[in-house]
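So, here's a batch of structures to check.
In the two complexes that follow, chain A is the common piece, with chain B as its partner first and chain C second.
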Partner chain A sequence: MISKKKIGLIILEFVTALLFVAFIFPFYMVIINSAKTAFEITQYPLSLPERFGNLFTNIVKIWKNEAVRYPASFLASVIITTVSLLLINLFSAQAAWVLARTKTKVSSFIFFIFVAAMVIPFQIVMFPLLSWFRTITNITGIPLLRTYLGIIFSYIGFGAPLSIFLFHGFIKSIPLELEEAALIDGCKKHEIFFKIVFPILKPIQATVLVLNGIWIWNDFLLPLLVLGKGNTIQTIPLAVSNFAGAFVKQWDLILTAILMAMIPIIIFFLFAQKYIVKGMIAGSIK
Partner chain B sequence: MATVELRNIYKYYENTDKPAVSNANFIVHDKEFVVLVGPSGCGKSTTLRMIAGLESISKGELLIDNQIVNDIAPKDRNIAMVFQNYALYPHMSVYENMAFGLKIRKLPKDEIDKRVREAARILDIEQYLERKPKALSGGQRQRVAVGRAIVRHPKVFLFDEPLSNLDAKLRVQMRAEIIALHRRLEATMVYVTHDQVEAMTMGDRIVVMKDGFIQQIGSPIELYDHPVNKFVAGFIGSPPMNFIDTAIKVDGKKVLAVCDGFELELAGDIATKVKPFAGKCLTLGIRPEDLHDDTNNDKNSQVVMADVNIIEPLGAETYVHFTAGSAKFMGKFRSSTTAKPGETKRPVRFDLTKLHFFDCSAEGELAL
Partner chain C sequence: MKGSMQKESQLVFWLFLLPALFAFIMVMVIPFFMGAFYAFTNWSSSAKLDGGLKFIGLKNFIDSFKDPAFIYSFGLTGVYTLLSMVTVNLIAFALALLVTSKLKLKNIYRAGFFIPNLIGGLILGYIWQFIFNNAIPALGKVIPFLSALADPQNLMLSKNTTAIIAMVIVSTWQYAGYIMMIYIAAIENVPEELHEAAKIDGANSWMRLRMITLPMVAQAFTVTMFLTLVFSFKQFDVNVSLTSGGPSTMLMNKPILGTELLALNIYNTAFISNNLAMGQARAVIFFIVLAIISLIQVYVNKKKEIEL
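And then the complex of A and B:
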């Protein structure tokens, strides 16, 4: 007789295996189809490629494609993601620190606004955002559309609410006495932040960097709106979209480009993933 | 080193009418070890934090080394503080923790190194200098926290319940180490604790606080022998003083303290002091160690018959709980006592020279 507990365990393992297959399947499809010709992909999408060497041929094709400008797109993605992440991390940590340590109605209200911003869908604000950017550019002369400044500024805005929420929870668990000890040791306010608080936030910084990093690196809609098509500045998702025309979709190049785009963010994720869970727990449980 | 003087200091928090600290007045002399003691919420930590500059002073003046420091930032007061949870910087090694305050003050590297190694030697933590705080035990962390204070060579050391997080055995050890450190550094120290044993064993003088008010300031023995009110009498001393409601009766030349179940005939100074309260109610206080497990009656003591309720043997001594009428009291006897739970009419000798009297109010403000 198999006990009820064992049956439960078998079902659980089966469901886990199914989930694993469901999650790994897109990766499998991207990897095997990156090494195929367009004809092979449409005819035998699930089979293994005839020649894995095709992968390198596809990579070279993408790298050299004049219309797509992959190296420049890669560089733009790196610049936008890195700068956005650094600034989101820095500004959100500072804002969360002040909000967590200032116990007034105003600070509670500002924190509430940040939390509320997390639940507003991007689609609702995207057109007003463009309109505002245009107005600000007209008034100040600072170009926000089709520039690095505009897209990075947008990412800081959209990334800040969740980041502030995460930092806020973590900072509340840091004993205030640490900051008081630093104050007595002779630190000024900015020194307390940069020398004491910011280094202690390392686990939650990793969480913030990974969560925002994956989103910003893969984002298509915001760069499409802010940077636009045919711009000299374009991110990898925009570049990849150039392979998909109205009538022809170059699946071999699209999938290889996706594979090329995936690798850096997967490496980044693997490097920082151990901090994610740690950071999540650290924020809620002291 | 320096003096610390509190002049009529008040602390009001926002949205409260009742001050957290009321009219605090005392001087900590140069090289003195003063302990602020009291129950939770009595204002002792708030007072210490005002001295540190971590809390603003609502009213009054604070002087360190005869200079008013009300508006001077904590970093410029030349004080060092040891916190209850040690407040060690978790991302820095022990060495970096101790050196941090000196680096911020831009001291030369070799001077920092010299001071850190000297403090580490004094506190016996030289072998842990490269470790992070999380790799240290509670006692070692506590030493690092003290070391971080020592290296600064401050005018005043402030301790905010630094031994509360340690287990009982380590607490006793660290208590002795802090006393030794005080003697060695000859420093002015202000120490906050809720533990009266710590206060009695460590302080040159003790400041007893309750509900934001200073109740009494004095040496440990002064507080023990001459408490100014019922609160101080009950707070200082372990086990605490017995309190028994009594009525004062004058019968000819005799002055009697009439309790429910027994009478004590008072003599000497105490009788003279209590006599004017004839016909009135007072609270009689006697410490458990002033009750004796024998019948050696003399003019300074009196035997009372009481029932034994509970026995608490502690090894070196035994606490015996008695009832006489409605009065309940406890005696601290030798472990060789023959008292047994349930025993009736057992003689207990009261030392009449050690009696204390307070008025019958809850506060027992008037002490005789």
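And then the complex of A and C:
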């Protein structure tokens, strides 16, 4: 009797393990082929590399490559992602709080516009955005295209609707009494936000940071347009596409570049797995 | 006293709102209306607001629907979206069922299925380009009865019908783990007592799946269907890195790209064909389709809520 159930479970375990292998097989291909020479990779793409030490040689090549500029691209990606995240998180939380706590027509109208904007795809605004940024620069002299300022500013604008929506929903579930008590104790309005509300928002902040973080780190089209090609500031996805375009079919190096682009995300995932999964589910269901 | 507090409230309202609202208006609202306007003009790098810009009515839209490349791209995006919706959801649901059963390594499996989703579509596309063009032919050389795979004629990315299937495979790999997580959350919400009671009544696992799990996670299906619909419809990154829209094919006696989805067609119309206004008109069409999809989603969700 035990056997029937046990056999079923063993079959399930086996099927799932096979699927798991199929899912990570592409990553295995990247790792083994990053350690091959150009000749080896065209002859034997499936076999293990002759010398794993070659991986180091390839990594050094990509590290020093002029198209990838790995250290600079990595730094640019880190700067753009972290600064955008910190500002989206703060500005959206502030905005959502006043929108949720102010019961006026103007307030509801502004919130409605933010929610409605979640439907707007990047495609419909991307061409005018470029010409609008150019116009602003011509008038004010503030450089927005090909600069950190321009891309971070863009991410704040594009990240605001979803982030405000998530914060707004969470804030509505916080009892008002807490803030009223602080007001009676003589707290200023802005102090109430920074001392009381903002710390309570921690769980939803994690969601907002994860959702926007994965989007911004991996984003390709917006940096391609706002930063442009051949810029000294380039993010990792731009660097990889730049390199793959310039070194067509040099798979030993392209795959090494890909490996180096993936490593930071995978390390990050291993450390923050719980928050990432939670955040992404919470963001999708809303 | 009351007046000054109200003034302070007003001030804080606008001060707190301003940074997010300002950025939002500058990068979304203004460009949105500019774009809606430019779609009806002859907008180009030489014809701008300060000179040469002419209102040409619906010409960009009419010309778009006369362009074989656009019609093809529209239809292709529809086919690709439908196929992706089916495969992503089927596989995601199957995976979710597997990793919510009593497997020993289920947490490792979950992480493995989820990881592709964290890596950008652009990079995933390059990885799979290598697999389809190099690894699979090499497999054909090693395994005798799969020797057809080694024939360069049979490369998946060399014909547009198989290349679009290749794109569906990659997007399934990309999104299945994410959608799986949503299903897992829904399945784990089903009270254990229901299963226990059904077991006592003699229901086998297939019956329990049909009579308990499926109805209980029905709400999740609306979410996942619309999510995959929107993701697939907007697909750009994988398209660029896996096929760049190629290989070429013929339609109505015109050479066109065989795997160019709408998002890529919009980009190429503006930057490769150098027709900014036409690209903008297509972006407006793209937006309208997405807006209709979202309205349907809101409608379906509202209806479901009332039923509950």
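In this text, the second predicted complex is superposed on the first by the 194 of 286 C-alpha atoms of A that agree within 3 Å, B and C clash if a C-alpha of one lies under 4 Å from a C-alpha of the other, contacts with A are read in each partner's own complex, and residues count from 1 in each chain.
FYI, a residue touches a chain if its C-beta (ideal position, glycine included) is under 8 Å from a C-beta of that chain, and two chains touch if they have at least 3 such contacts.
All figures in this text were calculated on a predicted structure; none of them were measured in a lab.
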item	value
Partner chain(s) touched by A:185 [first = chain B, second = chain C, both, neither]	first
Superposed model, chain A: greater residue contact from chain B or chain C	C
Which of chain B and chain C A:255 touches, first, second, both or neither	second
Which of chain B and chain C A:66 touches, first, second, both or neither	neither
In the complex, chain A residues that touch chain B	175, 177-178, 180-187, 191, 195-196, 199-200, 202
Interface residues, chain A side, partner chain C - complex	9, 12-13, 15-17, 19-20, 23-24, 26-27, 29-30, 33, 41-42, 44-46, 87, 91-92, 94-95, 97-99, 102, 107, 110, 113-114, 117, 119-121, 123-129, 131-132, 136, 153-154, 156-158, 160-161, 164, 188-190, 193, 214, 217-221, 237, 240-241, 244, 251, 254-255, 258, 261-262, 265-266, 269, 273, 276-277, 280-281, 284-285
Touch list for chain C against partner chain A, complex	8-9, 12-13, 15-17, 19-21, 23-32, 34-36, 38, 48, 95, 98-99, 101-106, 108-109, 111-124, 126-128, 130-131, 134-135, 138-139, 142, 173, 177-178, 181-182, 185, 223, 227, 234, 236-237, 240-241, 263, 266-267, 270, 276, 279-280, 283-284, 286-287, 290-291, 294
Chain A contact footprint on chain B (complex, rising order)	52-54, 73-75, 79-81, 83-85, 87, 89-91, 100-101, 104-105, 148, 152
